[in-house]
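I am attaching a structure below and will ask some questions about it afterwards.
Each chain gets a letter, A, B and C, in the order it is written, and its residues are counted from 1.
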Amino acid sequence: MAVTLAELAERFQCRVRGRPETVITGVAALETAGPREITYVSDKRHLGLLPGSAAGAVILTAADAAHYSGTALISDNPRLCFARVAALLHPGAPAAPGVHPSAVVAAGAVIDPSAAIGPLAVIGAGARIGAGCVVGAGCVVGAGVGIGARSRLVSRVVVNDDCVIGADCVVHPGAVIGSDGFGYARDGERWVKVPQLGRVVIGDAVEIGANTTIDRGALGDTVIGDGVKLDNQIQIAHNVRIGEHTAMAGCVGVAGSAVIGRRCTVGGQAGILGHLEIADDVHVTAASLVADSITEPGEYSSTLKAEPAEAWRRKVVRLSQLDDLARRLKRLEKEISELSKENKT
Amino acid sequence: MAVTLAELAERFQCRVRGRPETVITGVAALETAGPREITYVSDKRHLGLLPGSAAGAVILTAADAAHYSGTALISDNPRLCFARVAALLHPGAPAAPGVHPSAVVAAGAVIDPSAAIGPLAVIGAGARIGAGCVVGAGCVVGAGVGIGARSRLVSRVVVNDDCVIGADCVVHPGAVIGSDGFGYARDGERWVKVPQLGRVVIGDAVEIGANTTIDRGALGDTVIGDGVKLDNQIQIAHNVRIGEHTAMAGCVGVAGSAVIGRRCTVGGQAGILGHLEIADDVHVTAASLVADSITEPGEYSSTLKAEPAEAWRRKVVRLSQLDDLARRLKRLEKEISELSKENKT
Amino acid sequence: MAVTLAELAERFQCRVRGRPETVITGVAALETAGPREITYVSDKRHLGLLPGSAAGAVILTAADAAHYSGTALISDNPRLCFARVAALLHPGAPAAPGVHPSAVVAAGAVIDPSAAIGPLAVIGAGARIGAGCVVGAGCVVGAGVGIGARSRLVSRVVVNDDCVIGADCVVHPGAVIGSDGFGYARDGERWVKVPQLGRVVIGDAVEIGANTTIDRGALGDTVIGDGVKLDNQIQIAHNVRIGEHTAMAGCVGVAGSAVIGRRCTVGGQAGILGHLEIADDVHVTAASLVADSITEPGEYSSTLKAEPAEAWRRKVVRLSQLDDLARRLKRLEKEISELSKENKT
């Protein structure tokens, strides 16, 4: 695909500085972009690379454009503009509508004629696959599952019976939606399984990373709000509710019945314990553990940072001595108070 | 299915208070249960919701039943009773016995006629699939694998060659049983693979979560005891041994050759280092790291809890100043001791 | 397979002490090895088990051999020697070359005649599968993927379009290579996906564990160097670069654009934040979080170790009191300084 900068500016409501007739055929990184490619800078630290760039054009804020003499597309939000330009120029290979002959589709599944069901996919009885959906190779879609228009299960995704996925979602390989929650009752030393009877209900425009797992509700549903973005290898337990537009980085774990607000961000490897509530606009730093409800927006952390091991181990030893330090401090306070009194008398 | 409360009471050895002729057709949550549904309360915090419930019956302890005027099923362990009632009323769709025509079964595999092999499953040579087993869509069962009666591989499970799964197990989608352990020998800067020649041997009534991985032994076996429950995304390394009825929450990692006792519980995201032993009845809190053997039952922790980030960062800075604090405290002790002496002279 | 100790000694350049005519047919653990099996000791702690061993031979260093009177294979690096002997004696079942009739191979894929494509594998258009490769059951290999000679995708592996895997690699079940990176631009409260247009490029002799995920680059590639070993359930984000012969244990997470040196080791559950650089020969302890670039080789840590929960909680409380302790210490210093002055006057 080839477009001029002028066309891009009109389509995405931004402004050309320099040569609007420049033809752009693709996007590339700042360091590698050639004369028919467009790139962007949104981080001040990369401004220094601009003079060396051979890019046909660079998407920049008006302020940053002052650091660059070449052709630029001026945008208030260069990264957003870049995302849209990239999606336009690199739409991905379209999937051919229809059901691959090797797929196994149960009687009673309703597949929109514009949907594409890939090789060796399995579609259960009563599943409803919306217009323009792609169910990639090796996916297993259970009985009664509903998938909204234009959603894409990339490949080898499992969606268990009766779960619901909205429109415009993307689910990456290895993700499992609707596995049983971890619910048991004790019977002496044994664990007796509590049947997991709820569903997973996923909104629109949700993206779910590779090998992420989302358990179905025990009773009632696990609910993922519109626009939520989950990275790879995240575990969402039963009956969790995640508010709209919340994003979680890789390897996060969320325990059962946690209720998470809207527009939150959760750093990689963070954990959220169960049966608690997190307000809207809460940001949890990487590898932190949220153990109590959070009622105020803001940043929360229990992150520790690696340092040279010897120094770290000394700190840990010091931590063990805190009881002792506190005791000695208390004794000193007493002694000084007595000395003080003696001095005054 | 429809049963009367009287029938439930008889079957599960509990007692009706109120109308034993109440017909129950399903289970539901306290807030949503209707007049033909049964629910339960096992957590005192939920007693306040009882008056508003429209449930046909509520499973309660005798003590808690005093807070409720409606029809109740009185049980010493309401959650356990509920689990059993739910399993009775919601048994899940039965899988039709037989091998789906799209499955690929190697010569020499022995599949009980009452077992159900789903679409696009692969069964290796010499595998033995027991009575009433379900091997779901897209599972890959290796050569020589044995699976005991009534066990269920939900879908897209991998069980590598020669591994053994007992009776009445459930393995959720994406789980991998019998992958190679992480074993290498150094050869200068290179790593040379140590062949992983053992198996995974899983007892009876074990449940294994979605995308959980269990490596085969290097020499000898990785052993998962009867009744063990593993949640999603757990990693069990080679030659680990887990004692009976131990339960681990999501995202736990256990390193090689760790030996874990019976009836332990391990919180989400906890880690257990290798070549150590953990006694029976040990409980590890979420996100803790067990780095040394534990010989006594009890609760163990290295959990930190997230707090407002600014406060947390101040604490981390203070931790860095402990060396300095300790030094200053020591100096003060010396000064005071001298002052004291001076005062006495 | 049966070999004499003399043959092993010659092939692997080590020395027999005792009976070189001993016939060896397999390897086993020290405790279980019989008279036709060979074992090894590389850890001094296991020397005590030697006298009780019924092994046909034991691989030992010359120094350790002094603790053993039986037949021994003397090697400078017993574990390495053992790895090679084990690979010779237990080569694994060879895969029959050819494409299984149930596999789905797109037009234009180029599969070497010596490669083995397993049941229900999917190979995309233009993929190139090298000599001696094994693509196991249920793997999904995308369009344009290249896989070097003798590499093995064990089963149910996904390699997305255009990714490249070198020669002599092993990829375990459930691994996903080339999933989209986690890249979004903000648009008010919404997240807009940034197309992920790069690849994953994997060198030679790389091993990738079960359910490990490696995201494709956003622009440019994610690069895994020759000889890298990744354990199970590791998450590698977009545009990460890992240097040659680096090894990571299970459940590690690496965030976007991190650049990791050669010969590093990363302990289980450790995390590495994005946009940083780690030097060669850095060793990160288990469950640590690397949050800043590391420029010097050595060991780095933020590991905490679980202890009895009550003691741990007391420490955490003490940590909260550090502000107070520091304030009180400062006050004492002032008071003592004044007392000192008074005493002198």
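Following the convention adopted for this analysis, a residue touches a chain if its C-beta (ideal position, glycine included) is under 8 Å from a C-beta of that chain, and two chains touch if they have at least 3 such contacts.
All figures in this text were calculated on a predicted structure; none of them were measured in a lab.
Visitor: Do subunit B and subunit C, two copies of one chain sequence, contact each other through the same residue numbers, with over half in common, or through different ones?
Guide: Because under half of the interface numbers appear in both copies, subunit C and subunit B meet with different residues.
Visitor: Upon optimal superposition of subunit A on subunit B over Cα atoms, what rotation angle is obtained, reported to the nearest 5 degrees?
Guide: Superposing subunit A on subunit B takes a rotation of 120 degrees, nearest 5.
Visitor: Rounded to a whole Å, what is the gap between the Cα centroids of subunit B and subunit C?
Guide: Averaging C-alpha atoms per chain gives centres 25 Å apart.
Visitor: Quick check on subunit C: which residues sit in contact with 2+ other chains?
Guide: 120, 138, 156, 174, 211, 233, 251, 269, 303-305, 319, 322, 325, 329, 332, 336, 339, 343
Visitor: Show me the residue ranges of subunit C that touch subunit A in the complex, using the header's touch definition.
Guide: Against subunit A, subunit C makes touches at 104, 120, 122, 138, 140, 143, 156, 158, 160-161, 174, 176, 179-180, 182, 184-187, 189-195, 197, 211, 213, 215, 219-220, 233, 235, 237, 251, 253, 255, 269-271, 273, 284-285, 288-292, 298-305, 314-315, 318-319, 321-322, 325, 328-329, 332, 335-336, 339, 342-343.
Visitor: Spell out the part of subunit B that touches subunit A in their complex, as residue ranges.
Guide: Residues 27-29, 32, 39, 77, 79-80, 82-84, 86-87, 90, 92-93, 100, 102, 118-120, 136-138, 154-156, 170, 172-174, 205, 207, 209-211, 227, 229, 231-233, 244-245, 247, 249-251, 262-263, 268-269, 286-287, 303-310, 312-313, 316, 319-320, 322-323, 325-326, 329, 332-333, 336, 339-340, 343.
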